[in-house]
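Presented below is the structure to which this report refers.
Every chain is named by a letter (A, B, C, D, E, F, G, H, I and J) in the order it is written, and numbering of its residues begins at 1.
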Amino acid sequence: MLYLVRMTVSPPYGMPPEEFERLKNQEKEVGIRLQREGVWKHLWRVAGAYANVSIFEVDSPEQLHAAIGSLPFFPFLSVEATPLVAHPSSINPADNPALKEEMA
Amino acid sequence: MLYLVRMTVSPPYGMPPEEFERLKNQEKEVGIRLQREGVWKHLWRVAGAYANVSIFEVDSPEQLHAAIGSLPFFPFLSVEATPLVAHPSSINPADNPALKEEMA
Amino acid sequence: MLYLVRMTVSPPYGMPPEEFERLKNQEKEVGIRLQREGVWKHLWRVAGAYANVSIFEVDSPEQLHAAIGSLPFFPFLSVEATPLVAHPSSINPADNPALKEEMA
Amino acid sequence: MLYLVRMTVSPPYGMPPEEFERLKNQEKEVGIRLQREGVWKHLWRVAGAYANVSIFEVDSPEQLHAAIGSLPFFPFLSVEATPLVAHPSSINPADNPALKEEMA
Amino acid sequence: MLYLVRMTVSPPYGMPPEEFERLKNQEKEVGIRLQREGVWKHLWRVAGAYANVSIFEVDSPEQLHAAIGSLPFFPFLSVEATPLVAHPSSINPADNPALKEEMA
Amino acid sequence: MLYLVRMTVSPPYGMPPEEFERLKNQEKEVGIRLQREGVWKHLWRVAGAYANVSIFEVDSPEQLHAAIGSLPFFPFLSVEATPLVAHPSSINPADNPALKEEMA
Amino acid sequence: MLYLVRMTVSPPYGMPPEEFERLKNQEKEVGIRLQREGVWKHLWRVAGAYANVSIFEVDSPEQLHAAIGSLPFFPFLSVEATPLVAHPSSINPADNPALKEEMA
Amino acid sequence: MLYLVRMTVSPPYGMPPEEFERLKNQEKEVGIRLQREGVWKHLWRVAGAYANVSIFEVDSPEQLHAAIGSLPFFPFLSVEATPLVAHPSSINPADNPALKEEMA
Amino acid sequence: MLYLVRMTVSPPYGMPPEEFERLKNQEKEVGIRLQREGVWKHLWRVAGAYANVSIFEVDSPEQLHAAIGSLPFFPFLSVEATPLVAHPSSINPADNPALKEEMA
Amino acid sequence: MLYLVRMTVSPPYGMPPEEFERLKNQEKEVGIRLQREGVWKHLWRVAGAYANVSIFEVDSPEQLHAAIGSLPFFPFLSVEATPLVAHPSSINPADNPALKEEMA
């Protein structure tokens, strides 16, 4: 199942730069791992903002929460997850599995 | 370039059902054409709501506006288009073209 | 999987009362069916408002959307679906399946 | 009587990790006690967010306030409590006591 | 138990004046009855707005909902009910029953 | 004249606990004094939140501001004051002075 | 006492133009009367919007409500009244009566 | 002086198409006239929305209001005008007149 | 030209009291100077809140910005400036210069 | 392509003044460079607020993000970028390239 996830980062003022840098690298590592696992399907930046828009593909909301909760930046994120479903007008089999059945 | 587009439909009360049905079919036809053209890259429904979340891939914001403006439902839509850019932590070449260059 | 769903009803002014009454009865029938199917797990009214708060238990967001989309009132509803996951501090096996495993 | 309660946590930056950990454990203990007492009836996490959605069953709003106010995280929570009432279309006796009387 | 209730009226354009007048009188009658029953404890107008702020005293949220739902204006109201509890710093026995016990 | 006043408290993180406790006690003292003076007519807590809902009865908005401004917590409060007027449908002489004149 | 009052007009679509014109003229007459009475002290338009910002000087919130409630446009207005008090840094005797006493 | 003006169009449902078309043409004529007069300096569409973002250059807010108020679509517009001033970091003489003086 | 300006103060926690006091006095001095210059025409407090509502009369938005930007509290203020224009229904020559011309 | 970009600055309390001054100068340098490069096409201040409204002209949203992300103030900015397109009613060839073609 898919989720549209919007994460806005509020970097806390006062954190030593090197610590923030360390967290940022960890954040990147975790993000890459989740993408490799196919959980974090799309990751884009919102142009101009310290925020990202992502599509998560997971088997359950638990998996979604575990993924996002594992992010080192989690305490500085405000996150909104919107559950998505296939749209009957979508002709993209990847987004509209029903089409695959029709084509099968 | 990519846009996250959220469209919320407010069906006007009082429109004769057959007219609304006609518009809905036209809306579907236009949507399918735009998808075939590769403009409307992803189309999902927001689970439970009369709204969709889409990813548009266009060459210019003009193309984005022309596509959305051509929708028969346009006068009943409230639309928000968020410009997206590649995220350096994205490992998906489709979303992070820089990777293609690195791999080239 | 569970969703918190909040539905606010905006009854359209101008609809003939008998038609509204008819729709209301249909709404009730569909609601009862969904509850019998175990999809609409909890249904409460927001005290004082023309709105309800519900917990839906479904196998997929598709099932959630199909259920809500089938409501005759759907065009007059504004709906927000929030995906829920088990909380590790929950001691209620019905809400925190992990406990069942621990007890098994 | 039932309340839908949404709690969003804003962990204060600068709190020593061990102190936060201590508070978190206390928070869990208080939460478990309230669940055992039947006050905190359902506790779920909002998937992806540092927030929970709960159903409290109490005899009075005073009991609700005492329960939430006793949480060690209270100063870092923004809380919204929505009073719920039975919905006449609910077929769940646990949520719609009137049914029990009908069945009695 | 007490609720702060804010009701904002959106008079529907197009309703024949005499019908609106009729509803308004019915609204007043129902309001007076609820006040006589002690349910509608305080009723004030928001200065300058087509809205009221009220304090309802009821035995249960069900009673609150029944009272507000019985208002002829209900379909044109947007209502927000906030549950209130006694404040330990209140010295008004009517609002802080604990004081009565102390004085008893 | 009456005001509905809603105060939300944002306790500043980092204030030494004993100082916060001291301020809290002062806050209580000032609150009690204002109630004795009849200015702070009703004081309730919003169930579940670090906020209160109050009814102030003052001779002038200046008196309202002086009262609220004198609260030690003032710098940590976000305050909204809504001016109230008697509602013609109110049958409570305390809230609808016009009734007293009718009964006189 | 003074109020900042912001009125936003939502002209209802479908009202016959001549009726709207008639209401507009009545609105102007009532507005002029209230200004002559010194109640409507300042009336400005928000540049570019169908809204006005006004300062009302009244003896009581009741007088404020009576004035605004008497406007023919009242059912199409959304109104927000903010109570104002003299600012100790104001050197304008008209706005800061305390100065007059000092000068007396 | 410059204003950022954002206009969102809410086409009223039920207006005969030919009337709407007529208004649209008038709207375009008035818009072109205002641009020729140099009042409407920039006019862009918000990509994907029935809204525009404009820069108005006028001698006074009165001129701004007269221009916007003269638009046939005015009753269906929600308009927000934000006053702009030169930014000291701007190196564009057209936007930062002070530079012209420096260069003079 | 006139602006409605609303300033909300968020006193930063942690500033040494004497420094805050010093800034406050400077704020008052600057405010008085601006009033003497006729720029800060009206200054009122929002009853109950740490905020003010003001009317600025300036020759240009630049003058408005210079005035507000010069306030020592500027970094702790959130400011909204709304441009005002004369309302044709205003009978106050000070607010509706056109009247002066008519009377001339 | 053009973007309307609104940046609101929240200067972090506690940063040593000299460090803030240093950042401010760097911010100005980066801003001037981007303007010289033609990326930052217009830069205005919102009158009265610690915010700017800008028009960016870039070849891609990536270029927009790189420009804004390079600002030293980026961590203290909240940024909203709105994609703009030519408006068919615009007679300004700079804003409505289609006109140039017509005139060619």
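Brief remarks on what is shown
The working rule: a residue touches a chain if its C-beta (ideal position, glycine included) is under 8 Å from a C-beta of that chain, and two chains touch if they have at least 3 such contacts.
What you see is a predicted model; the values in this text were computed from it and never measured.
Identification of common neighbours of chain A and chain J yields B. Ranking every chain by how far its Cα centroid lies from the centroid of chain E, the top place goes to J.
Annotation: the A-J interface is duplicated by E-G among the options A-C, E-G or F-G, judged by over half of the residue-numbered contact pairs being identical. In the CA-based superposition of chain B onto chain E, the rotation angle is 145 degrees, rounded to steps of 5.
Between chain H and chain I, the centres computed from C-alpha atoms are 26 Å apart. The distance from the centre of chain B to the centre of chain J, each centre being the mean of the chain's C-alpha atoms, comes to 26 Å.
Mean C-alpha position of chain A lies 44 Å from that of chain I.
Contact of a single residue of chain E with at least two other chains is seen at positions 2-3, 14, 45-48, 61-62, 64-65, 81, 83-86.
The complete set of chain-chain contacts reads A-B, A-C, A-D, A-J, B-C, B-H, B-J, C-D, C-E, D-E, D-F, E-F, E-G, F-G, F-I, G-H, G-I, H-I, H-J, I-J.
Put simply, chain A touches chain J in their complex at residues 11, 13-14, 45-50. The touching residues of chain D, when paired with chain E in their complex, are 1-3, 60-62, 64-65, 81, 83-86. Per the touch definition, chain G reaches chain E in the complex via residues 3, 5, 12, 14-15, 61-62, 64-65, 68-69, 74-81. The touching residues of chain G, counted against chain I in their complex, run 2, 4, 27-28, 31-32, 35-36, 41-48, 52-53, 55, 82-92, 95.
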